[in-house]
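Below are two complexes that have subunit A in common, paired first with subunit B and then with subunit C.
This part shows the complex of A and B:
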């Protein structure tokens, strides 16, 4: 099912009783393609849960519209929207067994008992929880509870699956395992899925599209690879990618960027206005360690082994930067080296507005 | 290393060995309470058990003919005692479920309207802090034949006026209404506390699962409140078995207008103060004790079954 959001806005009366309104989601428009997995990404408090709860119908919208396959569902209650919702702490009903939990949405729909058990078992098999049907939630591990929560959300064959930070209560190893599971389950069921997370790595590893938010405002909505390769503004470039993107503050000149605390000009193929304050942002993998032209002097601070490469921490002027070099590149702490930057993976932003040139 | 060990020990003082010396401080602190408990609870209890088996006990001389089951056989052949057991049981079966249902509805209502809670807190606390004499006066007025509110209301429903306090047919109804009313505040407060312990995420989850308010009430609220419901009903059963104050308040210390409604505690009181049959009083107390002890056991068994969390 295709989901279209138009100028969606949610305002809350501020919690600190000042009577002011907080805009949790600000005139957000986007279109989610059918059958895709969309990650709703952003720092904590940026309005991801608010957005999800408006999609599910739990939270009424302040203004704007939500369409499911071109049908306006903005004012429909959750039971009429055919959405499945998975919570961060799973919210399994503690007094019901796994089977009863999975059956609950069907019981509410008055599906006959035999039929709902059959459907529940089928879904339980899909999420690999069929051996635990008789247990109570308290007798399950976090990962198992998560599987049950997903099964409960999927059993009524929703047109839209919504997951609110479903992995953040799991330990690191299980988190990686479960996100692959969610990906598999999503592929198998083909349900359009919105996955909320504040972890950019989780978002990039699982999703087809990423919608990145900041303070309720959409920063960028594009295919997962695209958002990395082509960030629309400095916030996006900074938020996506690990290690984070290198940022060199300086002043733009036609001959290169005059970086703060550095005498040399850094060559830059991107055009800006003479004298603009800019941020030259370079992905660590776009740093080249070489001795040819277009190179800038730098000093090595530190070296970390990262498998086959070294992660090199170096300084240009006052700026700390990172890049990868081959294991046979002969440097050590304090070495004077020359570095250059590839065009792919290097971006220029306005320092004040964060806008990309 | 030595430093670290010291630190560890500091946080583990609950594991310290219990020695005679380490017990002195807690013992001294609890002594006043212990003495009170011994004098006012343990000793009278043992005396009462013994008393219930003493035959032909004379209060003034303290003489008795010997130990035996005489008091028990006597009260079980006393129609007033049988009447008392029957009426008390009937009272419990009416008052406890009715007040529970009303309390659940009120508590769920209060839990939903956060803004009115302050106002209601006063309203439903009132019965708890109002003196029995004042309540008695109010209820006698409520039950009044000519001017009472109850007759005024049933007048609306087209029912003939009732002699609430004078007609023996309505003695049970009158004390039950009074009993239900006086049971509400305590029950509502406990249930409200239980409701506030339910994580609202379950309601949200149920809404997302498509449940409506009615589904949520029966499938989520009631089962999750079950531990509290069981606790309050058992506590209420126990207190309802001990009913006697309504007889004092409504009928001026008489068991109904025509001595027609004995309760177990009233019977006990009557045997003790009016008839001077201390042995009968003690034996009826023992019977009540056994009944209440059984309910306590039952409560323990059931609460263990409704532990959904760890």
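This part shows the complex of A and C:
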């Protein structure tokens, strides 16, 4: 099912005495394609959970519209929206067994008992919990509880599946495993899925599209590769990518960027206005070592092994930067080296507005 | 052999003494009720009846309609407890989950009503019952006690401790408020509900003063009132009195034995005292 959001706004009464309203989501518009996995990404307090709660109908909207396949659902209560929601704490009914938990939405719909058990078992097989049907939620591990929560959300064949920070309660290894599981389950069921996360790695690893938010305002909504390769502003470039993107502050000149605390000009193919304060942002993998042409002098600070290659921490002037080099590249702490930057993976932003040139 | 610590022995001895002190009157009542008049008054008292007899029970049932009293008590207890439970559940849900203006203020006023002592309400309740023409009916024993602010308060606090996400989850699963209440909240609150129900049932079963005030005829007496009347009929025949008392107490003890586990967990979880 296609989800269309138009000028969605949510304001909360603030707790302080001024009585001013706090805007959690600010005139946000987007369209989620049917059958895709969409990540709502952003730092905490950016309004992503508020968005999710408005999609599910738990929170009423202040203004704007939500359409499910061109049907206006803005004022529908949660029980009539046909969505499935998996909470961060899973919210399984503690007094019901796994099977009863999964059957609950069907029981409410008055589906005959034999049929609902059949459907529940089918879903349980899909999420690999068919061996635990007789257990109570407290007798399951975190990962298993989450599978039950997903099964319960999927069993009524929702048009939209919503996941609120689904992986944050799991340990590191299980998190990687479960995010692939979520991807598989989403593919198998083909249901349009929206999940909330503050972890950019989680978002980039499994989603088709990423909607990045900051303080209630949408920063960028594009395909996952696209948001990495083509960030719309400095915040997006900084938020997506691990290790984070290198940032060199300086003044733009036609011959290159005059970086702060550095005498050399850094060559840059992107055009800006002469004398603008800019931020030259370079992905660590776009740093080239020992390049004769277009190179800048740098000093190696530190080296970290990351398996097949080194992550080199180096300085250009006062700026601390990171880049990847081959493991057989001969450097040590304190070496003077020359570095260059590839065009792909290097971006130029306005320092004041964060806008991209 | 494992060495038993002195502390353990001391603890168990103390507990045993306490237990015996608590249970002795009941045992003595049961033993006495099986004795003859002569044996009951004999000095020194005998521990075990030489000639156990159920004659006193037969006498008690013959002289006073204990079965009728029992039936009345049962009706009053069951009806009163059921209505109280439904009231309490609905009220607790309203004051914990539904949002409406002035909710907390109304609830504070209700809670402050708990400060009015029961004795002060007797006269007003009495006149109300007489005006409603309910004097000397079983309804008079039930109607004034079909809601309890105290139990509502306890249950509301329990409901508040259930995470919001369960409510929203149920709503998204398609449940209405009503379905959520009965399918999710009530089953989760079962230990608290059992405790509240049992405490309420005990209060109803033992209610004495109110039934003396609003019930006159033998027809509508409950067990405690019936037993009180029986003391007049039995006079100084203690073995008969003990038989009457046993008839009143035994059903409650049986109920307790069956529900002991729930009462204990409920009391320790809900922080209630009996």
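In this section, the second predicted complex is superposed on the first by the 352 of 357 C-alpha atoms of A that agree within 3 Å, B and C clash if a C-alpha of one lies under 4 Å from a C-alpha of the other, contacts with A are read in each partner's own complex, and residues count from 1 in each chain.
The working rule: a contact is a pair of C-beta atoms (placed from the backbone, for glycine too) under 8 Å apart; a residue touches a chain by one contact, two chains touch by 3 or more.
None of the values given here were measured: they were computed from a predicted structure.
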- Message: Following the superposition defined at the top, how do subunit B and subunit C come out on subunit A, clash or fit?
- Response: clash
- Should A:10 be classified as contacting the first partner (subunit B), the second (subunit C), both, or neither? neither
- Query: Just subunit B (first), just subunit C (second), both, or neither: which does A:119 touch?
  - Reply: neither
- Query: Of the two partner chains, subunit B (first) and subunit C (second), which one does A:356 touch, if any: first, second, both, or neither?
  - Reply: neither
- Task: State whether A:108 touches subunit B only (first), subunit C only (second), both chains, or neither.
- Result: both
- Message: Tell me the contact category for A:136 with respect to subunit B and subunit C: first, second, both or neither.
- Response: first
- Interface residues of subunit A shared between complexes with subunit B and subunit C: 56, 58, 77-79, 83-85, 87, 89, 91, 93-96, 104-105, 107-109, 152-153, 156
- Query: Inside the complex, what are the residues of subunit B that reach subunit A?
  - Reply: 199, 201-202, 204-212, 215, 219-220, 223-224, 226, 306, 308-310
- Query: Considering the complex alone, what residue numbers of subunit A touch subunit B?
  - Reply: 56, 58, 77-79, 83-85, 87, 89, 91, 93-96, 104-105, 107-109, 136-138, 152-153, 156
- Message: Please output the residues of subunit C touching subunit A within their complex, sorted ascending.
- Response: 163, 165-166, 168-176, 179, 183-184, 187-188, 190
- Message: Using the touch definition from the top, list the residues of subunit A that touch subunit C in their complex.
- Response: 56-58, 77-79, 81, 83-85, 87-89, 91, 93-96, 104-105, 107-109, 152-153, 156
